[in-house]
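Labels for the chains are A, B, C and D, by order of writing; each one numbers its residues from 1.
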Amino acid sequence: MADRDDPPNRPGSPGVVAGVSETDRVKAFSDGVFAIVITLLVLELRVPEHEPGGLLHGLLQEWPAYLAFVVSFVYVGVIWLNHHALLRLVAGMTLALNWINLAVLLGAVIVPFSTSVLAAALAPGSDDRDRRVAVVLYAVAAALMSAPWMVLFGYLRRRPELLSPGVTRRYIRSQAFRPLTGLLLYGLSGLLGWFVNPVVGLVGIIVMICYHALTSEGLREGPLGRLLGRGSAGRPAS
Amino acid sequence: MADRDDPPNRPGSPGVVAGVSETDRVKAFSDGVFAIVITLLVLELRVPEHEPGGLLHGLLQEWPAYLAFVVSFVYVGVIWLNHHALLRLVAGMTLALNWINLAVLLGAVIVPFSTSVLAAALAPGSDDRDRRVAVVLYAVAAALMSAPWMVLFGYLRRRPELLSPGVTRRYIRSQAFRPLTGLLLYGLSGLLGWFVNPVVGLVGIIVMICYHALTSEGLREGPLGRLLGRGSAGRPAS
Amino acid sequence: MADRDDPPNRPGSPGVVAGVSETDRVKAFSDGVFAIVITLLVLELRVPEHEPGGLLHGLLQEWPAYLAFVVSFVYVGVIWLNHHALLRLVAGMTLALNWINLAVLLGAVIVPFSTSVLAAALAPGSDDRDRRVAVVLYAVAAALMSAPWMVLFGYLRRRPELLSPGVTRRYIRSQAFRPLTGLLLYGLSGLLGWFVNPVVGLVGIIVMICYHALTSEGLREGPLGRLLGRGSAGRPAS
Amino acid sequence: MADRDDPPNRPGSPGVVAGVSETDRVKAFSDGVFAIVITLLVLELRVPEHEPGGLLHGLLQEWPAYLAFVVSFVYVGVIWLNHHALLRLVAGMTLALNWINLAVLLGAVIVPFSTSVLAAALAPGSDDRDRRVAVVLYAVAAALMSAPWMVLFGYLRRRPELLSPGVTRRYIRSQAFRPLTGLLLYGLSGLLGWFVNPVVGLVGIIVMICYHALTSEGLREGPLGRLLGRGSAGRPAS
């Protein structure tokens, strides 16, 4: 069925696994977007205005920009790792999958914007209300980022023929838990940032980024002990 | 014939389908360009000038930039999907195809420019005449974008030996209808934007982007019902 | 011999032609650089400062930026096509080849800089001497760009074992004529731009870009008539 | 063991060597980042403010920006070559390897920032203390860049099953010497730049970049005489 859709590139199943299949071009495009996003973050780091002899002082004053840069660098790295792990589960693309993927990329592409808002709002002498706004913006953007992933797992559950060999629907179902966690906890970080304290909200965001970093290869039993590639709960060995 | 042209990389037909053929590098380059264009759009989103405490108000005032960003993001996504679907039809590149492809990329590369003009012209308090100019610029750029696609389909019809196995000239001929629609209807959107109202023109542009989004895998009978990869009118199964 | 150098990726000759060989990563990196350079050119196109209602006038005043943009877009496209054709001749990379390639990329990366100098110097009301300087800068950068290509063809002639199957040393020798032409004629364009008239120099540059565009697949007998992929003088069919 | 981890893409060992394996996507992403970083450097080169007729003088005054541009271009080129040579040694990725790789990319991504600080601090009429700060910043960033490489070689020594066929642990151990040299000598360059003279520090940095350029394919006996791909000490031929 899926085969009938793309005669040129998929003369048979081997094409899906080995050669340059449709998934490959989606990977190439997505990798390009992630690579550009993660690199554009550096444009936020600028030579500070300074008096002669005051460069060091000026650079040190810019710490919020460095903090926002590192947080967002890791965040985009995490999104890429998740995307990477995800596309290994998929053997062929449909138009719907392409659009879900574009929604994921949209979420990644706005990271430099929410990063620069955050860096500006954390600058020394900035207003507390502005800091709350910036943390909420960052958290909301990250929470919304979870939406296309939820749609994606739901879609893949209804189209098991798109899955790579050896990937079960049960595994897909178990993974849908992760974007749901993201939606709720990034949202909670935003609420904490707004009603309690922007720093608390920012810490919540950083914790969530670490959570997604540690689970980017998929949820497993005993994730920490199996981090380096030993366990594979739910995902059956081929 | 085409084979004689590139001895090194195409020892025989298998090289065209499976290995790293010439088409692959065109894909890689084009994907790079599309990925950069779609990501550069974010540079339009900037921290607004604001009073202390006025960040939220400043961000909300920037809605035209967000609108222009999302429209252009989807527009470039659509171009990429179309390009993606197109190159699946082609098994080998010639110098002429490379130049037609570069013309398509030229059309994509200027999108961030017409986007920033549009965002600036829609900003609160801007002049009505400037808004018309910006909508017309966007529409004309999108209409001109159709020109290389029309040339392309005409060229492929005359060089059927460049087509992937299973792709018929009849299929190519039927696809040529889409860029023609684009040329006419983007042009019409520009006229409406100029003589009637810039908002009407902008709505026309958005409708056209949606049209190309829904048909990006090629025109089919009953496109909506077959969106997710079931029908394949005109494009014969291999 | 070259094989001994990279055991992991080249288990035998097939790896060079078919799989992901060393040349592939050089292609990917180079394609990335070319794609970014050609796209960054758009950053030169900016919303002009204008009175309310004066957007159209402001846009029209920017014609030198559009001219410089299109010339450089085609120029980078030509460099990419030449690079593309060149790497098809090479079956394996050495450290020296990598550095020659980086020199080619350096020449490409500075194009947005010479483009923006040219656009600024052609702006209405600019000084004649500045125009000459900008045209000379563009021509000198393009002439120097020929240097690594000349080194490259010389190197390949001394290392025929790096050539793809079917590519002869005689073919390589015949191609060395093209960068030499580039060096001399871009240089001449610069001299004309400085001593005669910047417009004459600019026309010379554009003519040279067209020359390299038409010959980017390699010099042939009767280039124009064989543009679309029929003749292959010097490059023997496999 | 590693195989069990990624059923979809690695049906057996052949997938690791030939097809689009996991390492390939890491290469694509990393190449994208390197390509963007090396190209973004050009954004540092800007049309200088100048009087009518003073463009040439203005361009010449910008020499520190050109120097910083070329040094950083070569530096990023060297990082890419090293990365390139390194990934040839690795046959599969783990989550830990992905994070070490992201740390390497982080080091590369900040190069445009330290470059622009350096260019600004070397500008005519700048303060001596600022020049020292800028050279130290560049040297410290380069020294820290060595850290993930050291972690990487240590990790690979403990996970020999991730190595490409024919790569020995002894070879990996011998390579760990290079990042250690980098850490110490970039650090020394920073100290010289701060306590002695910024120019001395800058020369030290340039010498180190050349050292890494010449050894980017791995340390060998008699590196200079074997530069162009003849000797292969430590790395056994397959």
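Assume contacts are C-beta pairs under 8 Å (C-beta built on N, C-alpha and C of every residue); 3 or more make two chains touch, one makes a residue touch a chain.
Since we're looking at a predicted model, the values are computed, not measured.
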Subject >> chain C against chain B, contact positions shared by both copies (same if over half, else different) >> reply: different
**OP:** Starting from the Cα centroid of chain B, hunt down the chain whose centroid lies farthest away.
**Re:** D
**OP:** Tell me the angle, as a multiple of 5 degrees, of the rotation that maps chain A onto chain B over the C-alpha atoms.
**Re:** 90
**OP:** Report, in whole Å, the distance between the mean C-alpha point of chain C and the mean C-alpha point of chain D.
**Re:** 25
Subject >> Touching two or more other chains - residues of chain A >> reply: 18-20, 28, 31-32, 35-36, 40, 43
**OP:** Spell out the residues on chain D that touch chain C in their complex, using ranges where they run on.
**Re:** 17-20, 24, 27-28, 31-32, 34-36, 38-43, 45-47, 50, 52-56, 59, 70, 73-74, 77, 80-81, 84, 88-89, 91, 164-167, 213, 216-217, 227-230, 232, 235-238
Original post:
So in the complex, which bits of chain C are touching chain D?
Top reply: 1-2, 4-9, 11, 15, 18-20, 22, 25, 28-33, 35-37, 40, 43, 94-96, 98-99, 102, 105-106, 109-110, 112-113, 116-117, 120-121, 126-127, 129-130, 133-134, 137, 159
